[in-house]
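Next up, some structures in structure tokens.
Each of the next two complexes has subunit A plus one other chain: subunit B in the first, subunit C in the second.
Right after this comes the complex of A and B.
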């Protein structure tokens, strides 16, 4: 018999996860919320949302989305490429590659950012979109390598062997067997890599040097300037893609019958 | 190589497997339409040998010919050899019909034509009613037949089956085995090498049996010949020959054992004598010449076997049915001497399978 979660488990989890989002939502539409009040005051004011009509915020949004898209695609290609190459390498090389990928994920973001800033200055890419993109690629590729290693771990490579002896060339095996089977996982990989880029603050701020301005960077600026309402509105917008991604993944896995 | 000889011809093959010593000096000839059951212990390199023959790696030396074509250096897709994995690996993203059409499509046959031929093959293996289904929805037996149909769609000259029935439940195994043998027999064409570690399965499926032991082919021949006359002590032990008695051959060729004496020319020295349980009958009276003590009674379908002891030798014999013996009873044994087979202890380790 499947063990049942205690009755309080789901409500607690819902409150724990939903409370910050709810507070953000309230703050984004409330006219004011003076300390130490526990509820907002002054009724609804949608003025903060008009801020997104501002060119600066819109360009930050476009910059974030563009970076997320190309980082997601590139890190997915790199991660699957590295993990695919690891399948046929020695155990030692595989362990080393996995350790490096894991390090880029678990290393404190600020430490990684400082290191990458130094590297980008040396490459004369500091303060450029290319520099920020390359910096985002580092942790994103780490995540994607780990993700792809898990995908390949569950992949049935005997399909390749049978396809070859059934008359398929290497290219036909790739296009007719590997790609169709990995397709959904590749889409998930692009999404995952994009989300890693979407949330980067330290890397963008340090490597971008204030020139490359993404939505998280602008959000930080609002908070520092004490504009809580605009900050909350920007934060809400930032939470939309992860929520949307989760919804899409859930729908895709329900369609394919696989567990999320 | 002289002339065109349909089938598979392997000479001097050396195959790597794992970190252990590889297979050495493997020589095989399997005629078109013939089924060779390759029998050996688990982990003995049978799968490695099949993969090497299919061009999937591991062949260190030797020559592989399909008919009169040397395919040793050819990639897997150009060998005319289809390798079927242990658990049938149907492509999960394709329907059963598209799985069977796969080998035709990759050869450049138009999709519609490929699907028509695939449908005909599915009718042949009696799977036309599941053609549009996903492989995951098939039963174990259906998956095997679909995989076989797909393999036959490739029109192989050699078909390699790697433990094809091992993933099936015992009750399903015999049915699927019979179906596969029937399908292959109807399409007399490819030379078939089937790997198994199950002696009964090898005897049921193979026109010939080859035994792979300690990295070499130890014996090959018709199933009855191999089972009744193992070429070496190692083969006899691997086959689980129930009666393996110690004996000695004298200079005049007389072999003496606890069960009696036989004429078997050969070098003098220690030998072993094998004899089928059915060739030794235990009687409750003293009509037999050799007294023995019953140590166990083994009831089998259609027969009762007795484990008996003569001196320090244990034997399995048949009961002649005249009253049921019990452990501790003394019986006398009657031996059909023509069925005995003598194994020299210093038998050559390897024989070509031709």
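Right after this comes the complex of A and C.
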């Protein structure tokens, strides 16, 4: 039996979820929106979007995409490697691993950044893409370890034993059983790791030292400078890839028959 | 325990950062380092501004987490078998924090949509007539943004807990004569809380360390801990930058305490179930 919800619940939920996103959309295209108007005036203004033709913004977008891609791939490899190595360990070891993974996820980015910044200066990596990438890897690998631990928790390892009893070598088991079965999850992992990097501000700002500029860092700068329209356009561009990723993950879970 | 070594990879960069912070905090590393001194540590720990900042950050994080949990628990019960509405509910997950902060600014600031609606209703005569909900000492705008952003994660967790049979137990309690209120508080809530507690602690720890949302929505007095740390880390007086490291370590200790509680809860739960 489905619990009956009050009549106001679903409309209110829709407004609560959609209103902030709609505000970004309207602000990004509105020519003007003076107080006290409830709707924008003057029609559509593509000015903010033309801002993306600007070299600074375009290079920030490319930098964000590049960092997300390499962070996603590397954190996926590391996360699955760490979680895979923990599969046959004691519960106490696994709890410790999960606690460490969670700590690297929820450790305040600014606290992490001030320490890593000094380390990067010592390594001559401060203000470099490599330094920022290494910094992004910290929370991303934590996320991916937690994600991969969940994947391995539901993984049927008896298939390995069956393949081995049928004469497969360890390498053949890995390439012909494990990888095909984990393939979709690995793709999701790359996506998830990429998204962790995609939204980073504090780590990029401090370790990047103002030299490495990503879209979230530029967005923060626009809003602080009072350019809401360009900020809203950048916010929508920032929201699009995670939105697509959510859609893809949902489609994947539907295909595999799992619930969202 | 030796087999837990791969997991140490996770903590190595954090430990390296913390070690450099510890060295910088006592004047042994970083810009402005002039040899061992406890002055920055004592200056930070004895400054009332530090503890006001910690208290404000923890209070705002706690209130936002509590509201988000309450909303998520209510919504989860009503969204349990509504797949399409669940998809709508998770949409804020796709919005990066910095973008969500801008959206909150456009909605609840004195020239935001809410203020315009109140003006249209004749309740205010000018933007200043609307209460300041951003950059306010109460952190209302920041709490609003935190709740909006964390709601999907918590509602998905609550739905996952309810889907394990908790909802059926409530129905059984109802058939045995419990009122809806009794069934919720005596049957559903205990198992919902047990299942959600780790996610709640993780959310709280995450919010306490958030930077970009306070950067756009929080007041300048008291400063959120993350903003105070950033401010010190870029201080033109190089000697004061060591204070950022003390504040960073303080934040890491706070987070470690929450993660420890999380681990004890999860591990204790598993022990209890096994």
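We adopt the following convention: the second predicted complex is superposed on the first by the 240 of 260 C-alpha atoms of A that agree within 3 Å, B and C clash if a C-alpha of one lies under 4 Å from a C-alpha of the other, contacts with A are read in each partner's own complex, and residues count from 1 in each chain.
Here, contacts are C-beta pairs under 8 Å (C-beta built on N, C-alpha and C of every residue); 3 or more make two chains touch, one makes a residue touch a chain.
Computed from a predicted structure; not experimentally measured.
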### Message
Tell me the contact category for A:96 with respect to subunit B and subunit C: first, second, both or neither.
### Response
second
#### Entry: Contact breadth on subunit A, by residue count: subunit C or subunit B
C
### Query
Which holds for A:77: it touches subunit B only (first), subunit C only (second), both, or neither?
neither
### Query
Counting only touches as set out at the top, which of subunit B and subunit C does A:180 meet: first, second, both, neither?
first
### Query
Does the superposition put A:156 against subunit B (first), subunit C (second), both, or neither?
first
### Task
Give one of first, second, both or neither to describe whether A:114 is in contact with subunit B, with subunit C, with both, or with none.
second
### Task
Go through the superposed model and pick first if A:209 touches only subunit B, second if only subunit C, both, or neither.
neither
## Note on the structure
In the complex, subunit A touches subunit B at residues 156, 158-159, 161-169, 172, 176-177, 180-181
### Query
Across the complex, what residues on subunit B touch subunit A?
51, 54-56, 75-77, 79, 81-85, 87, 89, 91-93, 102-103, 105-107, 150-151, 153-154, 160
### Task
Could you pull out which subunit A residues touch subunit C in their complex?
1-5, 9-10, 13-14, 16-21, 23-24, 27, 35-38, 78, 81-82, 85-86, 88-93, 95-119, 121-122, 134-135, 137-138, 141-142, 145, 198-199, 201-202, 205-206, 216, 219-220, 223-224, 228, 231-232, 234-236, 238-239, 242-243, 245-246, 250, 259-260
## Note on the structure
Within the complex, subunit A is touched by subunit C residues 1, 3-4, 6-11, 13-14, 16-21, 23-24, 29-30, 75, 77-83, 85-107, 111, 113, 115-117, 119-120, 127, 148, 156, 163, 167, 171, 202, 205-206, 208-212, 215-216, 225-226, 229-230, 233, 244-245, 247-249, 251-252, 255-256, 258-260, 262-263, 266-267, 270
